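Reviewing the structure listed below.
Chain lettering (A, B and C) follows the sequence in which the chains are written, and residue indices restart at 1 in each chain.
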């Protein structure tokens, strides 16, 4: 009995440690969301002209962004990046197992778990106290669920491609930031995409990044009717497929280069 | 060699060693520019849609943005030693600093200098200069001095926040990420005019962490406007001094923290 | 007037207690319980200028606490300390200016910089006049054979090279007192000798007062005549190495690697202290049987793969010092 108790208490202590960091992250995001809501509220009060999205919808959009922040492809898998930098990845590359799907699966797993842990309390808080709305219909909720699943796949594809780019760049930190910047802006995290100028909308719709935030968020609110969901989710998946293909191609090239160079 | 010269010496050494990796340095700065630059793009987008924020026009908010970002970039670059301080204590490097005949704050501050923060500095400067031109006001010498004063006061305030964070790590081993709310969150907050925020928020950022004193009030003074409550224009001219006082206060706290460390030896 | 005076030095620490079990962890979050650890319990000694003193004792005995107090880093609970006429913790900067410290396990040099740049930074930190710096640097580089290493980044140095550079770095500003904490740990024989020769030279020729903390008895025997032995916060001996030997024991150890693991070694003048597979530790008194003779006897009667002679470990000597049984 003793060893089990010891293991339990050790696990418990570990959880308490992580709790502190999780609370800090949650607090930071809460603050961030609050500021943005206040800013948007002030902007909305300054105009009487018609706006493509109501204030309530914008508020919901903001909190959705904070709740699901951890799903987005900010950065890559630190372990894999390290393996590539040090060259240890050579051992993985010569194994017959499909490395790309292994990394992809890791990308999916490493996002969903922490994202869920952050999203649930944030959802609860935002809906209860901070002005976030709920989906207007069951259809909207279902569309949202499907779209978010596609977002996870798209996000994993981007992350995996990012880490594969490390084979060619020396320090990838710059590239990560560039992509992270693009993700933040074009997914609607900084400003909801419908609020962008009308001339920009076709450009934004053509980019893959809207599938990371804008599409599922607007499906949730019913701002995009659920009937459109199949088309949009198909777009998300199409982009995912394209990025996966590029990633696999790139990885294959990297493997071949390494084999030729003798590791 | 005096304290300031020694600090500059450290900076020179750090710069040379970071510039060694030139390719990745350029990428890092570029990446930094992008990550920070999307903020002002967001603001521009909102103004193109909404035309104004209360009585504030885009150029005016951009002006605020420029001041805050330049100030924070300086603090980010210069204050990194305090940001990383809990690691310095853990590895025993702080004991080594106590063994040298120099002040500890100077050594900690000089211990790290992140060049990549140049990214935020550059884009902040560009926005500031553009906004200064677009505002259509006459740039008299006093106004220019006030801008510099506001930036200096802002840098002092943000560095003070990093010092406070480092000082707390003398007492607790937990990393105090919550304080990032005040630094990074504070930057986000101060980029917009204080008047748009709710009462308790405004009071917090005027009296507790006086961000308004290094951005909003000086801007009001330059634009010749009256603000809520304390907004008498004369105040804007001296308000940045509060940022400097904030740093002085946190450095006092720092000394207290060092004394505690030297008594408990932990 | 001694250079260093220590009188009735007392220092205690509060250590947070880790409570066992899950309930303990939870309760620990709410309120931490502390226990008091006495690191120094009334230590007194004095050191004259120019001495080379060995400061030994088991781990946790209070050695690094003493050194930290002497350098002004740590403030004691009570007691009087005077270093070069000042109380160290009240005059940290003035004290530290005339002090050099070397930690065996952590370098003070900047990891990414060439060695010479670390030296120059230290020159600026300590405000060493240019001429003095050049003179010291050249002499140290010459004595420690560092010329080839000056442009190498510290992270590329081997342990022995790094230690020699650290020694030089600690002396660039011409300190009066040098504290060394395990300077030879992990070094190979050649580097150990180089370090010892160097320390002996600067002590004799330059009159640098040296306090050397170490677990290596050979360091002590090679370098110092004066010895301070500390255990659990109390000084147990303040005398020469000869005093220590006489006080404890003259015994030595013979370690034998036997060919056959089950071979039993029995000898009238040797006592079996420990056995680990094919290796046996034998205790003997060189006054009763010279080492050479014992070796001859053992190798005559048993198949021996390898053997060597050593002094008993310092922990055991100190443990013996106040009457506990050794291993």
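Just so it is clear, contacts are C-beta pairs under 8 Å (C-beta built on N, C-alpha and C of every residue); 3 or more make two chains touch, one makes a residue touch a chain.
Since the model is a prediction, treat every value here as computed from it, not as a measurement.
**Q** State the smallest step count from chain A to chain B, taking one step as a move to a touching chain.
**A** The least step count works out to 1.
**Q** Among the chains here, which has the CA centroid at the largest distance from chain B's centroid?
**A** C
**Q** Kindly indicate the chain pair that has more C-beta pairs in contact than all others.
**A** If you count contacting C-beta pairs, the leading pair is A-B.
**Q** Closest chain to the protein's overall Cα mean, using per-chain Cα means, please.
**A** Answer by centroid distance: B.
**Q** Using mean C-alpha positions as chain centres, tell me how far chain A is from chain B in Å, no decimals.
**A** It comes to 29 Å between the two C-alpha centres.
**Q** Please report how many Å separate the Cα centroid of chain A from that of chain C, as a whole number.
**A** 54
**Q** When the C-alpha atoms of chain B and chain C are each averaged to a single point, how far apart are the two points in Å?
**A** Once rounded, the distance between the two centres reads 45 Å.
**Q** Given the complex with chain B, which residues does chain A contribute to the contact?
**A** Interface residues on chain A, with respect to chain B: 20-21, 23-25, 27-28, 31-32, 35, 38-39, 41-47, 49, 51, 169-171, 173-178, 180-182, 184-185, 190-191, 195-197.
**Q** Using the touch rule from the top, collect the residues of chain B that touch chain A in their complex.
**A** Going through chain B, the ones touching chain A are 21, 23-24, 26-32, 34-35, 37-39, 41-42, 45-46, 48-54, 174-178, 180-181, 184-185, 188-189, 192, 196-198, 201.
**Q** Touching chain C in the complex: which residues of chain B?
**A** 1, 5-6, 9-10, 13, 17, 91-93, 95-96, 98-102, 262-266
**Q** Chain B touches which residues of chain C in the complex?
**A** By the definition above, chain C touches chain B via 11, 13-14, 65, 68, 71-75, 89, 92-94, 96-97, 99, 101, 103, 106, 108, 110, 112-113, 117, 121, 124-127.
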